[in-house]
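Everything below concerns the one structure shown next.
Per-chain numbering from 1; labels A, B, C, D, E and F assigned in written order.
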Amino acid sequence: MSRIAVINPNLSTGFTKKVGDQAKRIVAPHTTVLALNPQFGPDSIEGYYDEAFASVGLLSVIRDLEAAPEQLGDPVAGYVVACFDDTGVDAARCLTTAPVMGLCEAALRMAAVVASRFAIVTPMPVSVRPLEHLVSKYGVSSQCVVRAAGVRTLDFEGENAAMAYDALKKQADLCLANDYAEAIVLGCAGMTDIAQRLQDELGVPVIDGVSAAVKMIEALAMLGIRTSKAGAYAAPPSKAYHGMFADFAPQA
Amino acid sequence: MSRIAVINPNLSTGFTKKVGDQAKRIVAPHTTVLALNPQFGPDSIEGYYDEAFASVGLLSVIRDLEAAPEQLGDPVAGYVVACFDDTGVDAARCLTTAPVMGLCEAALRMAAVVASRFAIVTPMPVSVRPLEHLVSKYGVSSQCVVRAAGVRTLDFEGENAAMAYDALKKQADLCLANDYAEAIVLGCAGMTDIAQRLQDELGVPVIDGVSAAVKMIEALAMLGIRTSKAGAYAAPPSKAYHGMFADFAPQA
Amino acid sequence: MSRIAVINPNLSTGFTKKVGDQAKRIVAPHTTVLALNPQFGPDSIEGYYDEAFASVGLLSVIRDLEAAPEQLGDPVAGYVVACFDDTGVDAARCLTTAPVMGLCEAALRMAAVVASRFAIVTPMPVSVRPLEHLVSKYGVSSQCVVRAAGVRTLDFEGENAAMAYDALKKQADLCLANDYAEAIVLGCAGMTDIAQRLQDELGVPVIDGVSAAVKMIEALAMLGIRTSKAGAYAAPPSKAYHGMFADFAPQA
Amino acid sequence: MSRIAVINPNLSTGFTKKVGDQAKRIVAPHTTVLALNPQFGPDSIEGYYDEAFASVGLLSVIRDLEAAPEQLGDPVAGYVVACFDDTGVDAARCLTTAPVMGLCEAALRMAAVVASRFAIVTPMPVSVRPLEHLVSKYGVSSQCVVRAAGVRTLDFEGENAAMAYDALKKQADLCLANDYAEAIVLGCAGMTDIAQRLQDELGVPVIDGVSAAVKMIEALAMLGIRTSKAGAYAAPPSKAYHGMFADFAPQA
Amino acid sequence: MSRIAVINPNLSTGFTKKVGDQAKRIVAPHTTVLALNPQFGPDSIEGYYDEAFASVGLLSVIRDLEAAPEQLGDPVAGYVVACFDDTGVDAARCLTTAPVMGLCEAALRMAAVVASRFAIVTPMPVSVRPLEHLVSKYGVSSQCVVRAAGVRTLDFEGENAAMAYDALKKQADLCLANDYAEAIVLGCAGMTDIAQRLQDELGVPVIDGVSAAVKMIEALAMLGIRTSKAGAYAAPPSKAYHGMFADFAPQA
Amino acid sequence: MSRIAVINPNLSTGFTKKVGDQAKRIVAPHTTVLALNPQFGPDSIEGYYDEAFASVGLLSVIRDLEAAPEQLGDPVAGYVVACFDDTGVDAARCLTTAPVMGLCEAALRMAAVVASRFAIVTPMPVSVRPLEHLVSKYGVSSQCVVRAAGVRTLDFEGENAAMAYDALKKQADLCLANDYAEAIVLGCAGMTDIAQRLQDELGVPVIDGVSAAVKMIEALAMLGIRTSKAGAYAAPPSKAYHGMFADFAPQA
């Protein structure tokens, strides 16, 4: 029996439900999914500023889960940070010995297994450079390009959905034709429900970060591979925190 | 119901059984493991020359499995190439739409999730440079060093086993102390059975490639992420093959 | 008349004073220095966890300064983030059109002008990998190594100060001898007051990040080179924030 | 008196003759050329699958030449692997102390001497990514792009030859105009006979891999620079091989 | 009181005056600017050949300034090499303990502070590859592209000036649109007087190398950060020089 | 009939004779060798300062050879710059359509054919960083280290020769043992006469840059591969030169 926590770092409960549902659909029979979001912070994450606040929210959720494992029945065996920007992942690794993974890292590591070259298609041009930084951090710069579809994330829901899908598909087609991409990585967690349709229509693998991260964390948890405490992810040293963060002070 | 083929590219049946047993131990309830090796080729793989022959053996096993899925009950949903040199993996990807993965790639991709810096410890110095080439190919050069324990692979079995373990542990300790490694990757499939003991004694994550590859392939298979046929891994074009390879000619 | 804000992201007022004093000592006659720290957060920054909270504190200070320029007499012409981990710098750049710079970036960019090869000497081994990540981000991986002196930051003050200095100097000597370093970068803001002594004793340039960042920001400010709003550092889009972060919601 | 073996790893004897003729045209007076191909394997090499089989064929030819130098009059002083994919080159280096080189490596190393930036033009898009991997392996990623002309290799012979040449020249012109290429590398051994015409028409250097490899191997052979046996190219350790590969077992 | 020498390595006195005037406009009140050019060498610098001669001219000016500090009133506290190719900068660093900097290095180091991605726009295509080499040397390859406007440097003065400005602006617009550039770096010292206008019209930061280098050198000089003599920039060892270079022989 | 010019950029005629003799020993029967040095400049090249002057001397020799081919009987078919720092090579390529190559580039390109990993052993530590820069420029950073023997170049001649050889051999042994080097590259042209002895004693390939460059240039010359005039190595545009360089003005 293994428990996976899927944490949406923003406060959109609709989004939390969506990624939680997808996670539950794909986990093994004895894996339980806990889908959560923080009680404070932004409604969505668009860029570095939102990330800074969402990171603290993410840490608050993990702290609470780590502090009271008995209330859960089982301790959490692995954490998915359900955001394609991999917001706060390094800090989260310091708070737990369970493995922690974001969507971008998981999607890129899986894409590289099935394609020698691939493309991330993200909604807005403003995300291109930050995602390129992650592409470099995860070591796939020579085989991955980042392109923008030129639509808003929210356009994938509601009355603009058909238009947004078309824009995404059009950009994906350009990546296959011009960038020699052999697979497409969806550059936003909110696209999780259109992955299958796009894959069917394009005829190449389409990688959804939510699914990729849930299955990789489940695999790490099952194997007992836990976050190393020997270096950069060691538990934070004990010290005083002040003001509205007083409760977050790390304990010895 | 999902079937994973774990293919040992050399002809050591003892080794095939060992990796097969480890795979069976860790797969999900409804996953079946098929552990196989070729009928021709070398007894072990040490360097580029052995790899060339083992690659053909590997392809023969995959060809046979792909040709007769009905005999298996289920088609193969994913392939693990059970060799830390990732012998023949790119060619194997051309033969099937199922995902294919070697031990080194899997171990490195998992290690990077739980440690910011890690070391491969391999038996012999002769393997250092080839493994460094894989470290570069998989994009972790800035966070992974390769070190040799100075023992033979076969020393890990039989009367030299205690000595070999000690040499491995000594080298791993040096990596933690001098290279700031935060986790150890076992650089040989034959060490799969000592991973747990080494992890317990070192107090840092120890990653075994067999386990890592089996779980990652199982995850890819479950998600329906298949090898792209749009580029470098397209099916080989039809053409004549001659002499002892005549039967391997790709069909239209 | 130009106003530079030097923001210490932690709550140690002694440290805020120290970096403020150094800044005042080196600015041009008509530059005013404002040395500040947040009202909430950790007492010091050691690792990714502390960074997450300190980043929010840093943003709160900048937000307040940006909101009320008239209270200052002049708007802030440039921001120094007085932390060698460059905590929160990317997020801070989204909040202002003034230039923003951390200590590590400034020190590395100046070191590369006077030395073809150099070394960062930081107090603790735990910082080595995070600093290597910055070294890579700032493009000097081929000419900069990171080494640890094996002392605590706080040891540089009080009764252990002589011991700490000796350990630092010993490690710096090793960098000159073994790594062919031609200059030393001090890997911690708290060493700002021993830079001159170390430089005199070693006979090579010793770069202090506080001084480097203050002068580079002053230069950018004087030239009117401001943070680009065309891409990754655009102002955060308007949206709702909740709970204890409600006040941080970006406005249209 | 020096003997160079030019080995075409596929079974097209027409192609073997073509590269052998070119080699004979350019060697020094006292150099003898032996042009050979294996007795088994594929008729041509298109992608990773064909490469796996062609590598074994290549090794069989080298083994036979190494085993019986007295039958040749002279031992072989250097080997050219006459394939632009550099199929099996690393394994071949383990079999002999003579130097061994593929066409891609030779062409890129010569191109870099006469142009600061250049382009490989290869027939089909499917080859782009594998060649990019070689471009990276040989260290010229920052100065070399890979483009496809969109024709089949065989189109360069027979009734389509004029069309194929035009497509090649059109792509080469685009590389000069859009990629700032200063020289063109022919990405297929079968183009060896149009190099001169293309160079005359383009007015920039056009590098043919067959010529480049033959002359570099001849130079290495003349200087007595032989393949190192101290590391990755050491002779394969003695062991048993089984089935149809039994004869390939390395001897002590 | 600090003295900065701005050395134009070519013999165009009009150009020397232009960069000197810009330097004087931006230095701090107590900084003196000395604008000089050599007495021999080319009228302008276009490519590697001109650079070789201009480097010697540059060194002659520095040698004279270093030899006779008393004639200046103050010794020179820092040198700007007023050429965007950074001609002779490494050699110049061997001649003095004052810091030395070229325009390209300064502009790139400042651009990276205010933009996550930027573009150099240079007049002629022939400069693209040499500037890419500098982009790589200064570690910003992943965030900086080099583009050419297709005009001559001299076109920026006289009757073609309006046309040249339009071509520059058009290319800069393309960089913003297609390359996701967030700032523009002017790739030629002769554009120093149009930086402000271009910045106003584009609405993104426009970095002029003359201004960037003068302020960075002034900062280094003020901080007492001097060129390291411990390695690559050590004083040249004493030896005989002959012929027309006899006077340049380094003294013990 | 082909004529190769081997140009020693310094004024040591003894050294010019030594490299000329080695070149004559290894060229093909119909190749003529012209060994020359400039009439002005330094006696030896140690670092960036000497390089600047030696580059001009090198260009003067090439200019004279290019201006008066009829006096030579044949035009020069290729140039070797006989210095391991590759002084002035890029500028020289602008002066001629014949191929031009330095010793370091040639030695590294040949070493990579026979060893997967190798080391440059150079006399003095001061050369380590400049050579590392060339290692990076030529794309072999991942497989080549640079080490210093701690002796002077001149020590290889006269009464200290035995001591210098021993120091070189000791350092080479360390590279084989600690750096997994499989071959040694001699990092100074003055060691050309001890290459064979060292190779015999070490049992691994020892690459001498003089020999490597002469044979590679001879190969390029024979194949008619000439320096591209389409980009960075285009002929310098016509313009006025003044003072002692007036004669070097490029003509239309």
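The rule is simple: contacts are C-beta pairs under 8 Å (C-beta built on N, C-alpha and C of every residue); 3 or more make two chains touch, one makes a residue touch a chain.
Going by UniProt, the chains are A, B, C, D, E, F = Asp/Glu/hydantoin racemase.
Keep in mind the model is a prediction, meaning the values are calculated, not measured.
Path length between chain B (Asp/Glu/hydantoin racemase) and chain E (Asp/Glu/hydantoin racemase) in the touching-chain graph (shortest route): 2. In terms of C-beta pairs in contact, the better-connected of the chain pairs B-D and B-F is B-D. Distance between chain E (Asp/Glu/hydantoin racemase) and chain F (Asp/Glu/hydantoin racemase), defined via averaged C-alpha coordinates, is recorded as 30 Å. Centre to centre, using the average C-alpha position, chain D (Asp/Glu/hydantoin racemase) and chain E (Asp/Glu/hydantoin racemase) are separated by 44 Å.
Annotation for chain D (Asp/Glu/hydantoin racemase): residues 90, 93, 116-117, 125, 128-130, 133, 141-142, 180, 182, 231-233 touch two or more other chains. Taken together, the chains touch in the following pairs: A-B, A-C, A-D, A-E, B-C, B-D, B-F, C-E, C-F, D-E, D-F, E-F. The residues of chain F (Asp/Glu/hydantoin racemase) lying in touch with chain B (Asp/Glu/hydantoin racemase) in their complex are 116-117, 142-143, 180, 182. Against chain D (Asp/Glu/hydantoin racemase), the residues of chain B (Asp/Glu/hydantoin racemase) that register as touching in their complex are 11, 38-44, 46-53, 55-57, 59, 88, 90-91, 93-95, 125-126, 128-130, 133, 137, 231-234, 236-237, 239-246, 248-250.
Considering their complex, residues 125, 128-130, 132-133, 136, 141 of chain B (Asp/Glu/hydantoin racemase) touch chain F (Asp/Glu/hydantoin racemase).
Within the complex, the chain C (Asp/Glu/hydantoin racemase) residues that touch chain E (Asp/Glu/hydantoin racemase) are 26, 28-29, 90, 93, 99-101, 105, 109-110, 112-117, 138-142, 176, 180-183, 203-205, 207, 211-212, 215-216, 218-220, 222-223, 225-233.
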